[in-house]
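By letter and in written order, the chains are A, B, C and D; residue numbering begins at 1 in each of them.
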Amino acid sequence: MAEITQTFDVSAPTPIVWAALQDVPALVPCMPGAALLQVDGDTYIGRLRVKVGPIAAEFEGTARVVERDEARHRARIEASGVDRRGGNRGSASVEYQLSPVDAGTRVALLADYRLRGPMAQFGRTGLIADMSAKLTREFAECLRHRLGEGTASEPPRSEEEP
Amino acid sequence: MTEARRIRLTVNGRPREVEVEPRTLLSDVLRHHLGLTGTHVGCEQGSCGSCTILFDGAPARSCLVLAPQAEGAHIETVEGLAGPEAEAIRRAMHEAHALQCGFCTAGIVVSLVSALRDGIGQDEAAEQVLGGHLCRCTGYVNIRKAITAAWKQGANP
Amino acid sequence: MKPAPFDYFDPSSLQEALELLADLSWDASLLAGGQSLIPMLNMRIARPSALIDLRRVPGLDRSDIGADGIRIGAMVRAASLERSVASSDSAPTCLRQALREIGHPQIRNRTTIGGNLAHADPASELPAVFVALGGTMTLVSKDRGERSVPAEEFFQGVFSTAREPDEILVEASLPTYPGRTAFVEVARRPGDFSLVGACVAAVLEELVAREVRIAMCGTGDRPRRLREAEAVIEGAVLSAERLRELADAVSAGVQPRSDLHASDEYRRAVAGVMVRRALERISGVPS
Amino acid sequence: MSPYLGIPVPRLNDDKFLRGTCRYVDDIELPGMLSAAIVRSPVAHGLLRGLDRSAAREVDLVLGPEEVRERTGSVPVAWHLPMQRQLERPLIDERVRFVGEPIGVVVARSPYLAEDGVDAIVPDIEELPSVADIHSALAPDAPLLYPRWGTNVVIELETGDEADTTDVVFADADHVLRCTMRTGRLAGAPMECRGIVAVPDPGTGRITIYTSTQAPHMVKDQVSQILKIPHHSIRVVAPDVGGGFGVKDHIYEDELLVCLAALDVGRPVKWVEDRRESLTVTAQARDEEWDVEVAFDRSGRLRGIRVHGRRNSGAYLSIFGGGPLATTGSTLPGPYRWEAVRLTGQVIVTNTTPTGAYRGFGQPQAVYIRERAVEMVARELLMDPVELRALNMIRPEELPFTTRTHLNYDSGDYPAALRRAADIIRSAPEPPEDGRIRGVGFSSYVESSGVGPTAGSRIVGVQVASYETAIVSMANDGSVRVRVGTCSHGQGHETTFAQLAAEQIGTTPDRISLVHPDTETAPYSPYGTAASRSVALAGGAIVRAAGRLADKLRAIAGELLEASADDIVLQDGEAIVAGTERRVPIAAVAAAGLRGWPVPSGISPGLEESYVHDPDNLTFSYATHACQVAVDPETGLVEIERFVVVHDCGVIVNPMIVEGQIHGGVAQGIGGALMEEVIHSEDGQPLTGTFMDYLIPTTGTIPDFHIEHIETPAPHIPGGMKGMGEGGTIGAPAAVANAIAAALPEVADRLTRTPVTPDLLWHLLQD
């Protein structure tokens, strides 16, 4: 289990950023190793490949937008998948909150990862926490570039509670 | 390739040949293809040392060697250990009651025999070499006694 | 606990190995000594579709300890380097000490220097030594040829390095270091991965320390130089309280993570202790 | 003076282990044999819908929940306590309750392919919220593992003195010490994992089972009951067994599934547990929390001890159920006089690996609680902990002594062991000045061993027969076969039992062989080798059976030598007319006895004698352990520098083997005190599935020991032996913890959990 928060600022105004965030298929490429296989309303069927050194897993599953509060610019996505080859099961809850700042918009990401199976039982290193942090960091970094059309902006700051 | 490969190796002085999947562990080759079940498998994580064999003369975990890595290698297992050092270690372990359930014993015999052959010091053997083996029965006390006895004897045969 | 199936290749030349690696994409693993990889294969945590065994690649198993430093082929076994280092007077003490902390003799007879470094286990001892002494990794790929990466840039995270998927680590080298060095670690049992390990180097004239190098393992996702801490004693006269200041700076400078075996607070505090003890060892300053 | 007893006879069966010709389960290869792998739950709690096997190719058989449920009865709990909510459960239930719970079996041509098959199967499980520790399991809104109970508490236990009588003692005492203690979860971790080869005989419907077990007859009973196979169709053989320590005292779901699979494919099927399974699925132990109160007077007199325990049972009650908690209760008084002893406790189910028997079985907890508390009391009174113990110890002249918990201590001199251990450790040379802090701690206990009498088992609710039978027979050449139901797996019975028989029959131990544990030849013994019982129960039976055989031999020899049987002495393989030169080899006597003539009238032909041994009491070994540690306060690393054991296990048959048992037992105790702990994540994922994460002692962590024996025979056991196999593990953790506390008085009162890891100790030293 790992909880990671990431916040970053983009120069675009909040409504624009909000709109952009609603286009999930367009965001998928920002998730390293992720691929969208099928869309069904607010449910997205996809695949996520993760690899840390020799350790690799390929999760197939669904992501659903479970909360969308246009007014407060807040939404939560829940995803869960199975790594058929490795017998791992993963689930994640990603929440984002937009707030206007003078420079544009502040994006706060809160991701909560849960893993079951051999990978979760690999005790020694802080592997899972590290993997999740890396995923979220790269996702945030990519979002920042897209949403801010590459304009200079605050690099993501992150905290973790592994 | 995943399909079986022909592996040639020398085991206890005899040239042997097996045809196995490349993922086959050397411990399984020895035990289940060559019938040398004296080498025991205690963890397949490289931690317990029960499966220790001599790989080109040096102690190694046979559970951490893939069959193809042993192509052309000279392997010695507990069954093949002979000579004064081997008998000295066996006698010392018997007389000191250095084994109980006996499962980890083969690996320990292999490591200690090679240490005695290579002229490794007694303390090094009792700390470093024995340190690479887990035993759940003896608390190691009598194994160290056996090392003391064998090394004393090795010094003046 | 048996490995999942994989394709196995044992190329007989570096060129052949590089071509295979280039073709097989992200899902191939390189096999050196296998003492870290094979346990992961057995537990099926690692399940590469292909293994490329470097066992038959010529020229990777030579090491050379000379006046201009140490060059170690990727396939040199820890045990054999241990022997060459023991018989050399120019090899740094910390290397000898760190080598003896790698597992047990039965493991060191198989494990290779290249495999140990490329695996980049954050608790592993050797990477800290290479970071502290400013070592260099030589990487080769089919398309881009050879490049050198400083150890500090090579290690990038848990099991993660600067090695591109199509690259092979062929050699690791250490420059000569003019001063004294020491590697000190705390582990729960002899031979276990370090909870915290410190590699320390300093040139000492009287009790003035120069060229100070400090790198830790077990205190984060990779071994790191602790420059702020180094600065605390660089050019200074070593004394008991100076070393205590240093210990505090070390503790402040590391970002350890909690795991089963120790909390981040523990690692933070003990990191300072290890560095202090290592310096006491090489300087003779009593605590 | 006996020629064979009390002698360090080197073990008779070492050679095969030293040369690799021994045979463990995984060494058995049979024609046409297939391999099995177990399908396990990846989640801690959920509704089990089935298995998606669509992707499982290259397998010969898959059995899932449905097929298994159709054909199996329920798995019984063999220890029934009052207020126990679980007496049995299905082999595969409608829901999974811990990670690793078996939910199916795959059979294929090799273990590699069988594991591929397991990988290809995706369990269909609807995940439920889980609880991984006793506190979340007791929370008012906790998810329930067995909703129909309305609670996660499976047993509520109350033993010893009544609440009110205990209150009176506590009210009258000068002081009451209160604290909460915790013993970490342990794994038995024998070096050989579990394993089975199941060999069906389609022609006769019989099945032969080779399995790594401490109790072949228990396995047979369970296979018959759970798989509904008649007893006479089952044969169970224990080959060489690579350690048990309690975790191999019964058969597990895994082995039962393999038997089913073998019957289906009609071919031998082998399954060998891997180390991850051994450390995450095989029954675990301890994992308890205790509220402890000790009432005492200014004078140092111990008055009462009152504890409330919370035991983490894991997903269900394993075979011996709440037995460990009950045993903690009965052994709580230890070697001291108390006016009141009371234990209440709860056994709590959680979504973790089931806990069961492991060396010590509840007694290490009793000793840890009591002996830690006793040294806390000593510290509070500024008394020497040795003097405090001596003041309260039962004196030799008070024995036999009945405890507040109704144990009848047999014989010995408890204070003598304490004094001697203290003298030895305190005469140790001054340690070097190395910046580390030294401390010495003690632990005194009475080991309840030789389990033991049928009457006792009946009272406490154990459903398993606990007497032992020995059959001793002599062949024409004078060689002797000894058959018992206990099952040596490292304890050296092959040697010890031979010495016992040799002593009676007057022939050398090497002429006596212990028959390999096999339900076809061994007398019934479902309890097997466990609970420090083999030498007292089976050994006592051998003394009697061999004695009967010796009487018969003397009678026949008398006939041959024309002397009175009473004048015949059996020694060194001969029958001799006392004080004469007239003698005849035992072989000649044997030949006559087996031929049937010449034998005296009234003596039946044949040379096979048996004895059923059901003593009227347990045996009570005792000891004091003394330990010196060196603590590095900056790293929290603890080194055991000295360890002293002064003990009494009655008549010692083979001192070398007894000391070996102490070495191994203490080493396991030290492991539990300093480094061993099974850890589950908060959502029930086991995190200690390797020997890199579950740390057992290596040679560097165990010092040489100083051991001294006191020998007070057990008055009620033929031969006078007392069981002692668990003593080291029972006493050591408290001695180690007390030594650390003595080294660091500033943390002594907060040092209340095991294991004492460097991290834990460092944290205690910080605040």
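We take it that contacts are C-beta pairs under 8 Å (C-beta built on N, C-alpha and C of every residue); 3 or more make two chains touch, one makes a residue touch a chain.
All of these numbers come straight from a predicted model, not from anything done at the bench.
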Chains most often in contact, by C-beta pairs
B-D
Nearest whole angstrom, what separates the Cα centre of subunit C from the Cα centre of subunit D?
44
Centre distance in Å when subunit A and subunit D are each reduced to the mean of their C-alpha atoms:
50
Would you kindly tell me how far, in whole Å, the mean C-alpha position of subunit B lies from that of subunit A?
49
What whole-number Å value describes the gap between the mean CA coordinates of subunit A and subunit C?
33
Would you give the residues of subunit B that are in contact with at least 2 other chains, written as numbers and ranges?
21, 23, 44-45, 127, 131
Among all residues of subunit C, those touching at least two other chains are 1-5, 39, 43-44, 190-191, 193, 260-261
What positions in subunit A touch 2 or more of the other chains?
85-87, 123-124
Between which chains does touch occur?
A-C, A-D, B-C, B-D, C-D
The answer for subunit D against subunit C in the complex is residues 111-112, 115-116, 119, 274-276, 435, 634-637, 675, 679, 687-688, 690, 692-693, 695, 697-698, 700-701, 757-759, 762-763, 766
Which bits of subunit D are touching subunit B when the two form their complex?
8, 10-11, 14-24, 26-27, 29, 112, 189-193, 240-243, 245, 274-275, 489-492, 656-657, 659-660, 663-668, 690-692, 696-700, 702, 704-705
Which stretch or stretches of subunit D touch subunit A in the complex?
42-44, 55, 99, 118-120, 122, 276, 280, 679, 681-683, 685-690, 692-693
Which of the residues in subunit C end up touching subunit D in this complex?
1-5, 39, 43-44, 186, 188-193, 195, 260-263, 265-266, 269-270, 273, 287
Subunit C contact footprint on subunit B (complex, rising order)
1-2, 5, 21-23, 25, 28, 44-46, 49, 52, 55, 58-61, 63-66, 68-69, 71, 111, 127-129, 131-132
